[in-house]
Amino acid sequence: MAHSGINVLFAGHNFARLMGGLWTSVWIAALSILFGGILGILFGFLRTRSNRLVKLIFRLYLEFFRIVPTVVLLFLVYYILPRQFNVNWPGTWMAVLAFTLWVAAEYSDIVRGALESVPKHQIEAGEALGLNDRQLFWYVSLPQAFQLALPGTINLATRVIKTTSLLMLISVMDVINIGQQIIEANNNEHPTTVFWVYGLIFILYFIVDYPLSWWERRLRKNSKEVK
Amino acid sequence: QAAANQSSVAAIKKRGVIRIAVFGDLKPYGWVNQDGKRVGYDVYLARQIGKDLGVKVKFVQVNANNRVDTLNSNKADLVLANFTVTKERKQIVDFAKPYMKVSVGVVSKKSHPITKLSQLKGKKLIINKGTTAENYFTQHQTGVTQLKFDSKTQQFNALKHGRAQALADDNSYLYAWVKNNPSYTVSIKHLGAQQSISPAVKKGNKSLLNWTNKEITKLNKNGFFEKDFNQELKPYFGKEVKANDIILEK
Amino acid sequence: MSWSVIVQSLPTFEKALWVTIWMSAVGIALAALVGLIVSLAEYFRVPVLRQVLTVYAEVARNTPLLLQLFFLYYAFPVLGWKMSATACGIVGLTFLGGAYMADGFTGGFEGVSKTQIESGKALGMSDWQLARYVVFPQGLALSVPAFAANVIFLIKETSIFSVVAIPELTNTALDLIGLYYRSNEYLLVLVLAYAVILIPVILFLDWLERRVRHGAFGN
Amino acid sequence: MATELMRVDHLDKYYGDWQALHNINFSIHEGEVIALVGPSGSGKSTLIRTLNGLEPYQKGTITFEGKKVTPDKVSWQKLRQEIGMVFQSYDLFPNLTVMGNILLGPTKVQKRDEGEVKAEAQKLLERFELADQADAYPRQLSGGQKQRIAIIRALVMHPKLMLFDEVTASLDPEMVRGVLNIMQELAKKDHMTMIIVTHELTFAAKVADQVLFLEDGRLRETTSAKQFFTNPQTDRAKEFLASMDY
Amino acid sequence: MATELMRVDHLDKYYGDWQALHNINFSIHEGEVIALVGPSGSGKSTLIRTLNGLEPYQKGTITFEGKKVTPDKVSWQKLRQEIGMVFQSYDLFPNLTVMGNILLGPTKVQKRDEGEVKAEAQKLLERFELADQADAYPRQLSGGQKQRIAIIRALVMHPKLMLFDEVTASLDPEMVRGVLNIMQELAKKDHMTMIIVTHELTFAAKVADQVLFLEDGRLRETTSAKQFFTNPQTDRAKEFLASMDY
């Protein structure tokens, strides 16, 4: 019985379909991280420089995303945007949008934190050389902040990848959704399908996520040792 | 209205694609076989509609509880997802002529069949969010605890694992399901009035609504639904279900 | 946007709010306990147990809660292990949260400076005394920020309980949308409900963080 | 006497409500070396940072090469090309090599030709026995090496005045000498104008022409180095010298 | 002569493959003060840490009060109650008050009566002019005060031997004196047996009976303090003394 369940994974195009679903999840994650990362750097930079009002606005933006669970965020974008704003994209792009906004919020805080933890005396050493604000940012703050922000960046990426599991809820044909289709098509004949399909997806997520979190851990350890 | 125009017959033809919302995990109405191909009673109809319109069909997979929003948010032009016509739904979407009849049924274990609503009191009942079954049990106080799921896959798995004593959904696919799960039976065949299932379009989309009405009438006349039934449903149903239980009279 | 729709839904949401709150509370408490056990095994380098728990933590950290719940709820019964939805939710949250909490505590313990540990040793402290008087008080204080982040994270993760039919906030909102098609109203109430839970929690944790920091390190 | 390079008149500086510097007056001439000494917290760092525009001041004037300094960002940015500064903390940029650190100011700020600056940098590195380190990263260097490179990084901008804030305070004792040697050479050979904050009184006695003794934000004594170390005027300076001389 | 308190024979210590200490031999008698000096990186900290069991060693023996030390965790834990140690970094426990810091060892490790220890601690605090600080937290103290309290914390355990690893190295110059004063008093008045790693050679000359000069992990000289500072035997020691005396 258990045997028949595992065969379902390789029957027909099932395995290829699952991999296709995984690819959907991965590229949505990748694009969101890319777009969200760019926005996040911009927002984070603005948060260290701007006047009170701009800071407050970005702070509120961040707090909104801190409070609203990502599932809810997906539904907000999925239900509200098309109707209220006539935005009419396919589900995958809705997902990219929702994730991008979320990543931008979280990443802006990582970037702000990193920029602020560049030691003050480094900035002063730059000032003492006569660097102007723009030069200080490009030659001193940014390269050092990048190092400081790297572990946080990777950590966020792992979370985004894991969160793609929610795409199923807004009908994106992600790996879980395809898994459910397979389960539905075979469950009656092979009751253990559910176990093998979810098991495979579980492992797939682990395979994608683990190297990143391993890398993050190593970076953090190294930076501790340098200290 | 700009939004309605996006789904007018002219717009669809111009685009060359009609977007039709279907289920992906509702065997045998809308599901995906192991080759990754969408099949089922609704899907069969969808493909025919595409052919008759002379456009390609793009499927949008939905769950029971986002069928309305899929239309309202312009993600699909037409819903063919076992969409039961109800008073409430009529207020927010426009239904075309029905192409199936249905009523809410209850499935339970053969060994402990639930044949009367009163037996449900104090028990657990599985339903799918956004279905007529949910409507029914929300409106009729039966003293049952509802377990609400997002998808068909989830709800049937939950039933099999004994997470509740019964499951309520459209009787049309309960029949199919019990065929493969012979220890269960559709112990209540009809709850409430007989209802019908229709294609739905966004409210105000007269153009597509009229076209669809004509299409249904035409298909009904030339026996399309019988063919559809025989090909997509019959193999999954038990002997006790006849074409007449599902499709409408000509 | 209809005011009356919102008002009518409030009693339903209130019930769901309590479900979210109590399940979060229990799940987080258990997660903290598991996290503490894992981090203690790591700190005392307990053979075998430590390796086993490390594998657990890696698996829990690198897979989505949604799949963990699917497994517990839909796949395990195939093998004959069945838990109620509530139990699945709590176990899932504990499983995931335990790994995150362990990370936080371990980070705190490792953050205690080497010189502090050596000055404890120089006073002749045994391993246990070192842990009791030096590493734990300082390490736990250091781990408060991570703990706070985890609490907020885990409360938000309960929104995924929806997939195993637990009637918490998100499930309730989706359900109401499916029944009455008033997505604007219900989503608004849903967001507000999370704000009602999380804002006090965030404020409390901020306060706790400042207090502990000052108590332990004076800054 | 040589021309006056910088003068400070009636300078007051506050941190919030609290006055850190009280009515500071002094001047420094070309080629002169001033040692700024005093107990911890007396305001030495505050004063020397003010002279480089890193701290705003609330009253008084700073005059550089006969021109009153307008205390805004842009003027200071320009002026800092004429005034080099080295701090106590090793402040090389960790993401750049030694050469990268040295080139940054001349090429990006002064827009000088990279090849020319590089040649000059190479010469300075050789002069101070650091030629091997040109491609090293700061983390690969000892504290003493880092400080010497920080000095070169400032020198290559051709400053007219160099400010040093306890540049040897975080160094291992044996490293101190190498750094002090450079500073001594700059003073005696290059006749660099310098203001040096230091706790190394023996060194100060050797290189300084003048000593400013600061206490509680006030200049208590401004005398020639010779006189200060052999025969300080004020009791406070005497006490201070006694406390430092274990 | 007084009895031998500790002796070290043929001690070798490796960090991984790299040998940090080579064949170290010396002994210290009751009431004696040894100064351990040498360039940075020569292994002073490594040696003194080894004497307190904070670093394992690979060859040789350490003998304490005539008994060979078995180099395991539990023996060292016991022994450390007899050997006090103070480090360069201010290492008071930040979550405890001054009194809490002082009481921790005697009451928790030695299980002595709290009241009695408290009275003794109070006396020590008074003796070293820190009585007002008993209820303060470390963060409220200056570096010099912290180091003096760290010394008291070690003393209250009644150690037979005290180890000091550059206890004044991170202090502001004016703070140094207070700490050195205590150590001098311990040496001269209390006749405490002590091994002191220090860069303050003037101080070492004053308090030490013997000097161990370490270089590259090898003991290059073991002589009386008088001889070492006036007339060192080896060239290396001469160089070292010259480099330190700027």
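Just so it is clear, A, B, C, D and E label the chains in written order, and each chain counts residues from 1 on its own.
As a working rule, contacts are C-beta pairs under 8 Å (C-beta built on N, C-alpha and C of every residue); 3 or more make two chains touch, one makes a residue touch a chain.
Only a predicted model underlies this, so the values are computations on that prediction, with no experimental measurement involved.
Peer 1: What are the chains that subunit A and subunit B both touch?
Peer 2: Of all the chains present, those in contact with both subunit A and subunit B are C.
Peer 1: So which chain is the furthest away from subunit A, centre to centre on CA atoms?
Peer 2: Chain centre farthest from subunit A's centre: E.
Peer 1: Does C-E or B-C have more contacting C-beta pairs?
Peer 2: C-E
Peer 1: Specify the chain most distant from subunit D by Cα centroid.
Peer 2: Ranked by distance of C-alpha centres from subunit D, the top chain is B.
Peer 1: Centroid from C-alpha atoms only, then distance subunit C to subunit E, rounded to Å. What do you get?
Peer 2: Chain centroid spacing, subunit C to subunit E, equals 46 Å.
Peer 1: Rounded to the nearest whole Å, what is the centre-to-centre distance of subunit B and subunit C, using the mean of the C-alpha atoms as each centre?
Peer 2: Averaging C-alpha atoms per chain gives centres 39 Å apart.
Peer 1: Give, as an integer number of Å, the spacing between the C-alpha centres of subunit C and subunit A.
Peer 2: Each chain reduced to its C-alpha mean, subunit A and subunit C end up 20 Å apart.
Peer 1: Cα centroid separation between subunit C and subunit D, in whole Å?
Peer 2: Measuring from centre to centre gives 53 Å for this pair.
Peer 1: Residue numbers in subunit A touching 2 or more other chains?
Peer 2: Where subunit A meets two or more other chains at a single residue, that happens at 79, 83, 169, 191, 194.
Peer 1: Where in subunit D do residues touch at least two different other chains?
Peer 2: Subunit D, residues with two or more chain partners: not present.
Peer 1: By the touch rule stated above, which residues of subunit C touch at least two different other chains?
Peer 2: 74, 78, 162-163, 174, 177, 183
Peer 1: Throw together a list of every chain pair that touches.
Peer 2: Taking the chains two at a time, the touching pairs are A-B, A-C, A-D, B-C, C-E, D-E.
Peer 1: Along subunit D, where are the residues that touch subunit A in the complex?
Peer 2: Going through subunit D, the ones touching subunit A are 52-54, 77-78, 80-81, 84-85, 87, 89, 91-95, 104-105, 108-110, 139, 150, 153-154, 157.
Peer 1: Within their complex, state which residues of subunit C touch subunit E.
Peer 2: Where subunit C meets subunit E, its residues are 113, 115-116, 118-127, 129, 133-134, 137-138, 141, 215-219.
Peer 1: Quick one: which bits of subunit A touch subunit B in the complex? Just the residue numbers, please.
Peer 2: By the definition above, subunit A touches subunit B via 8, 11-14, 16-17, 78-79, 81-83, 86, 88, 90-91, 169-171, 173, 177-178, 180-189, 191, 194.
Peer 1: Within their complex, state which residues of subunit B touch subunit A.
Peer 2: Checking each residue of subunit B against subunit A gives 2-3, 6, 24-27, 31-36, 60-63, 66, 69-70, 72-75, 150-154, 156-157, 160, 177, 180-181.
Peer 1: Per the contact definition, I'd like the list of subunit E residues that touch subunit D in the complex.
Peer 2: Interface residues on subunit E, with respect to subunit D: 39-40, 172-177, 180, 199-200, 202-203, 243-244, 246.
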